[in-house]
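Paired with chain B in one complex and with chain C in the other, chain A is shared by the two complexes that follow.
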Partner chain A sequence: MTLTQSNTIEQKEVFLELTIDGQTVQTRPGSTVMEAALANNIDIPRLCYHPELSVSGGCRLCVVNVEGYPNPTPSCGLACEDGMSIQTQNEELFQTRREIIDLFVAEHPLDCVTCDKAGSCQLQKYAYEHNIKETSHAFELPRTLYQDDNPFFVRDHQYCILCGRCVRVCDEVVGAHAIDFAGRGFECHIATPFDGPMKDSACVFCGNCVQVCPTAALNPVSRMGKGREWELERIKTICGYCGVGCQLEYALKDGEILYAQATSDGPVNGEMLCTKGRYGWDFATDPQRLTSPMLRRDVAYEMGLTKEDWTLPEESPLKVRKPNIEDSFVPVDWDTALDLVADKLADTVKEYGPDSVMGLASARCTNEENYLFQKLFRLGIGTNNLDHCARL
Partner chain B sequence: MNFEALEVVGTKERDRQAKLQGRIFCCTSTACMSAGAGQVHTMLDQAVAVSQSDEFETEVVKTGCMGLCSHGPVVRAEEKDKAAALYGNVNPELAQQIVSRHFPVEEALEEIDSDEPDQSVTPHDIPHFRASLRKAQAKTELDKNIISLEDPFFTKQVRVVLSDTGRIDPDRLEDYLAHGGYQGLAKVLETMTPEEVCTEILESGLRGRGGAGFPSGIKWNFVRQEEAEQKFVIVNGDEGDPGAYMDRTIMEADPHRVLEGMMICAYAVGADYGYLYIRGEYPMAIERIRNAIRAARRHGVLGNKVLGTDFSFKADVRIGAGAFVCGEETALIHSVEGKRGMPRIRPPYPSKSGLWSAPTVINNVETMANVPSIIQNGATWYADIGTEKSKGTKVFALTGHLRNTGLIEVPMGITLREIVYDIGGGIPGDKEFKAAQTGGPSGGCIPAEYLDTPVDYESLTELGSIMGSGGLVIIDDSTTMPDFAKFFMDFCVDESCGKCLPCRVGTVQISKLLDKLISGEGQPEDLDKLDELCQMVQTTSLCGLGQSAPNPVLSTLKYFREEYDTLVQSPETVEAGVK
Partner chain C sequence: MTNSIAEIRDADCIFITGSNTAEAHPVISYEVIRAVKRGANLIVLDPRRVPMVEHATLFLQAKPGTDIYVFLAMMHVMLREGWANEAFIAERTEGFDEFKGTLEEYTPERASLMSGVPVKQIEAAARIYANGERAEGKSAYIGSRGHSAILYAMGITQRSNGTDMVMTLANLAMLCGQVGKPSTGVNPLRGQSNVQGACDTGCLINVYPGYQKVTDDEKRKAIAQTWGVDDLPGEVGLSIVEAMQATAEGKVRATYVMGENPMMSDPNTSHVEESLRKLDLLVVQDIFPSETAFLAHVILPAAASLEKDGTFTNTERRVQHIKPVLQAPGEAKPDWWITGEIADRLDKKLGVERETEQWLFPSTEAIFDELTKVTPIYAGMNHARLVGEGLRWPCTDEEHPGTPILHVGKFSRGLGKFSPVTANDPAEQPDDEYPLILSTGRVLYHYHSGTMTRRSGPLDWVQPRGYVEIHPEDAAAIDVLDERAVTIESRRGSVRTRAKISENVPQGTIFLAFHWREAPANMLTQDFALDPVSKIPEYKVCAVRLENPRTKQRSPKPVMEM
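Entry: the complex of A and B
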């Protein structure tokens, strides 16, 4: 089949135009009022809404006034229509939201002075903004479970506001569906199957539920009681575990990492991380961590880089328990190490031919790096002896 | 099977019934069964079997509800060419008397001495049993159990949905066919286009009987106009209101009518699969619907190429697990999908994106049961019943402080007074009517001064109540309204799914405030707070459950404010004043 002419369809971008707080806003059909507002830096109070998750509509905090609608309507599930006129802030909405927060704190302890989440808690933020010091209703804690049945995060149900973000992230993003709502009415809570321990559920301990939790109901174990949000230093970095290159942020106090989290501006991963990225950072400050290339002591002695010689023991090094790496290896700089490897590789190929060597690439490298590596072996050296650790 | 064959089955059954000398109908609905109808039915069966001779053919039919549940077990005896007789509060002994009175035992083979009638339900000694039956003939204590069919309880009713209820055996498709069953479906498949069916339903003015009263024709048309490979029909049989049992009765007494309505709907909207969502607390309804589905499938009424046409339809039962909120359509859809029954934000409405994101019609059992009659008799016939905006009839479960409680079907627009005093027979004892509560926990209380209000969607909404699914509780003056409101509030507290805050926490706080008031610790400002909180829950809740949960409190606050006021002043006064 030959294409005689380019058959690209000219697609006209259709935009809806609506007014939010007097500001004319353009948005694509199918987007919600919440999305349109956030895209235009109009902040609408929200607790159960999360941009990466489906709409719940449970917290009722994002109610807005729509012209022609009798009652305030939640903006998270409200589809934009052309010519809509929306008000996100006015006295009536402020009072409605104030009443909603008043009800929230009727079952949420206001012990913010000792709470780890203080400073980044969404409920605290909105209570402050709406001037709620305490509930005007009768306070009663419906949920009192405290579950620290795993080494990664603590589930403190008294702080849970049942926004359902954790349930949705587990189901929709992670696909584990380890937790869901259980019980009705006053007994409603987030539970694993039959309220069993986390390890017996389908949980993979990725901690994305901890990430999206707006309150202190889910907190990393590593940070408990170690520092307040505003005392922490934050370092943005790229996760070194695999080639995906997720962006993450370490929160440190006095040089010690307290927890890792993703930031919403990460181009690859958004707010999501896997178990390794989120919890596997203890190597960073481990005294045994290698920070420079190491050269075997006998080779280094031959090259005149060290004064002490060393001979390879007859017994396999694998059988030696906890070998002292300082005995058998010498730290060198990258140039020395790479030059040595290049020389040895070239020598071997010259003497025994290209098929005498093989290359094994790492999943920690990016696609591009892996591509270059096979290029080096196939073209530079001339062998197809090539594999990748992910295939082992 | 095609249309003609279906006719033949019906005609055959009609002929068979016409040949019988008499028929005894024994109500075996849940209400009568709990009053002992099981034993009565077995006794009737045995007695008839023993009294039968060759030229005398009688049968015992176990039927669904006959309406007068407060007088259960109810038995109706029909002799050929004679007026039927209805008996209430029947026990096995009286059952013997009924049989022997209407279908006397010709001769006793053996005289027995004992005056005690043989009440063993499975007679091993047949001669003895016959003699006992003969003896029973002479007794007259049965007379006081006769219920007059001329009672306003029956004459004031207009039975459309319940026309066959109590007259047919719900487990026999033949009986339904003999009473004109599946004629509506046949008419639709043979002579009407889907569009015409939707128009017919629209013109009939049928509105959703689940409570909200959305015009069914419009709903069907929405789904019909959707372009999708798969569409679904769901029948909502998750009847959760305390004291309401209309849908249960319809499913128990006339399951094929529900199936037929569902199939007409499926044809109209272009669906080929349907679910009947029935609450798990209704084992008999589930069993009878399942039997009906099996029978319909066997006769080719259900399945591939229904009655030889190109229309195919399969139906399946899904059983609810006891959540009140699953009566809400989006929560129900989640439940059918196997998820936790929690409502979701609308739009999109189920007519656009329902079960597994396919366009879905959800209608209440009673709505579906109206459909076959509308199709058979035409939209105009149906529209002639009722008021200008509320057409047709409504089935109510009439309960509370009344002489006659039970299941009634009345034309829309009938006044509350007629329901309470004519059909219900008035308030027993020297008590006075105080209020009528419609719509269960989502409805409100209507005080005595509005007794002459016509019962239709608009009038009830105007009074701050709702039509609801059909629960109608009559309260006399021995009830204090704050306590009454508290009962319904606690129901909502327990049944809130926990998804949205106003319903989950707001109802708890309303209940706490009511507690405080009832215990006498209330302050005058608590009443304003109660009112404010109710308004807030009403306007900000996610689904119908939360939005309507404060109705019982709001309506009692509106009409019985003085009772709340007295609570605030001095709790002892109101106690003394009432008791």
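Entry: the complex of A and C
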């Protein structure tokens, strides 16, 4: 789905018919040749074009031949017309595109052997497809700024090809407009206002710019130097934060998450995520994670598991600056903990009745878990004293 | 949500109220921004100048708790100007005549006086919303009336009249026929990954899975049969806040908490703590030693959502499959395993014998299959069908494709019912002693009680410390400077944090997020007046005062405006 496409249901379906590479293609009025081609699995090389963003037409890689047009025309901005005949691949287009890539790599280091993006870099892909080992022009690096001013992403300007996808996603989708083109000619680069630190800009660290960047100009900090694209295991799941339910994919190496990103087939979020979803997963491996069932020291003493008696401090846990769970709890095995809970619940039900027990389920647990939890209360204990944080 | 997230980008008018969309639901805000870039009108009604206001055509800054007058006045204007959708009202709704009469007294002039929103803004909002007017560009839809969608969140529901507020928004949508079509509807944005699912599966005091009332004998007994018994409890239980009261009184003796942190998230923390300390048994099952865990007798280590298998239901009713990405640390186990084990052992201690296995499941898939048997809105689902885009309830049989838009052609109950609503003010109003209003909420980089996000390196880097937003005039009144310490006091307690002087809050209102354990906002919030139907506490309005800890100056009594 793109900015220009809509989900219109009520409008009457009107279709245009055109031919792309000899294939007859139907499309809606207002769509571009690029959109019509992609919808029919016809792949046109592209760098600045992104299906979720407006058309920029800057990279020229997506040029196609249109019957009756004297010159190759960029397909990303070309409106479909009824009866149009398009060619996306031929020797002339190949040479045109090869020259464009040649110019790109005249100012883009070809150090793919150490680059984190190698394997998913779009420029690398097209250089390979067009058989470019090095530039035939004089190599000159106009942009050398390296900005690692935040723990979310690194901006390495030497890899930037000025496609402007990051600028467009920040403005058109996120609405932050934290970055834009600054300077002219060789000075041109993507910048925050006055080239200040990212944190002082309007940036909300959603990382959607990193997601749409075709090269290594924007890379997540968490993955730098930790693995090559083809070594990573990828697992698709649903984000655990808010109720939007974004689909995302974790890239892991040796069981460690290197980064998270959206996938283009996410039914809710497409290729977009927010800062929590994209960067907030490292809590899972925090050393404070609970790793064993535990009993409070006074309970453990009563059961003869510890030698020293203990009483719960009167001071609120909120007042303790850095509370340490081991000061008040001792680890036990699962059987001890589960039997104790079942014992005490049974005693309470027998002595005070089922309505003396309360359950708080969780809006962060799965449907299956919440279902079983409410069943425990209703069937196992016999009460409807059962609530969760929907109200909070 | 009655409608879909993806439809928002095609709306002609979007009306956001009581939702800080850009911070609490950023990905939904992207859809709103796309719509605005294509020429849709955005109306924001909120006491705070939330980030979405930057993109709005119209910002109605109503004083906290007075938005109800604005909604009623908008409907008053719609009827006066003939903007109501009479055909829709006649065909699809009932109770309109009675309802119409109740609107007469709620004039825009009165609303303006109460809320501080100019009459002209109320009239413009009524016109734009009712007719689905665009700012520019062509609508994606044909027809004389554009499509308007309402988005709301806890700013509407966390109020002592929250149910009335939601009904008012439903009335507003029905009055204009802005429901049952794409890019329209009344769309609550839900805050947590599976809050929709926890409600759907019946973790509520008054309903069994699939919103089947506990008091409905027939439905309850049908569920009982599936579970192998004759009947199940048929009386409405105690809500969280009521349970805290009952615990203080000694009526509740044992509490089992799964993945929740009431010490941070429930109103009136001192009272919550007092109650929890009285329990004979407090079991806390969590991924981190939360503030609540420190008061527990037993702590059970759970696997995080990144470490387990199952399903989540999102705010647009989409049931999606989650997959394990990491291994759970140490002996941590999925919550379903722990709960099943406790239930099985409890049966044995109570001497209950069951004919068929009720607790020990081999997989989450097996649990889901049982769930769909007792949950009619999930009846057509199974894990295999959820692959890819998931399914949206109601999905009543295995051929059913799911339901993207609710109330198409007819309402779930048949005819849409207009429910007359009277404007009620918040339970605790500012007075001479506590002259300011406190509103609580969230910030972009943190989530709920902060257990997860405050342990995330990048997120905590942006916002490592709590703060309270104070209007420059209110700060000047006690000589507090930006970034300096300030104490907030209510009748329940006090917290100290740093001041962030900001015109994003109106004079007389302060805002404190509830993520910070060093400055727990819920020490201040009130738990005495809940919404009578939904039992939601009024997190969005309570009376407070500020104190400068250095000079001991306190917020002055309000000056009467003449």
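The rule is simple: the second predicted complex is superposed on the first by the 280 of 392 C-alpha atoms of A that agree within 3 Å, B and C clash if a C-alpha of one lies under 4 Å from a C-alpha of the other, contacts with A are read in each partner's own complex, and residues count from 1 in each chain.
The definition used in the following text is that contacts are C-beta pairs under 8 Å (C-beta built on N, C-alpha and C of every residue); 3 or more make two chains touch, one makes a residue touch a chain.
Please read all numbers here as calculations on a predicted model, not as lab measurements.
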Contacts of A:372 with chain B and chain C, given as first, second, both or neither: second
Touched partner set for A:385, first chain B, second chain C, both or neither: second
Chain B versus chain C as contact partner of A:285, first or second or both or neither: second
Touched partner set for A:357, first chain B, second chain C, both or neither: second
Which of chain B and chain C A:159 touches, first, second, both or neither: neither
If touched residues of chain A are counted for chain B and for chain C, the larger one: C
Which of chain B and chain C A:99 touches, first, second, both or neither: first
Touching partner for A:345 - first (chain B), second (chain C), both, neither: second
Which of chain B and chain C A:276 touches, first, second, both or neither: second
Contacts of A:49 with chain B and chain C, given as first, second, both or neither: neither
Footprint overlap on chain A, where chain B in one structure and chain C in the other make contact: none
Contact footprint of chain C on chain A as seen in their complex: 1, 3, 6-12, 150-152, 172-175, 199, 204-206, 221, 235-247, 250, 252, 255, 257, 265, 267-269, 272-277, 279-286, 288-296, 299, 312, 316-318, 320, 323, 325, 328-329, 334, 337-346, 348-352, 354-376, 378-392
Interfacial residue positions of chain A with respect to chain B in the complex: 55-60, 63, 71-72, 74, 76-77, 79, 96, 99-100, 103-104, 106-107, 137-138, 140, 142, 161-162, 164, 180-181, 183-186, 188-189
Chain B to chain A touching residues, read off their complex: 323, 325, 340, 342, 344-347, 493-502, 504-509, 512, 536, 539-542
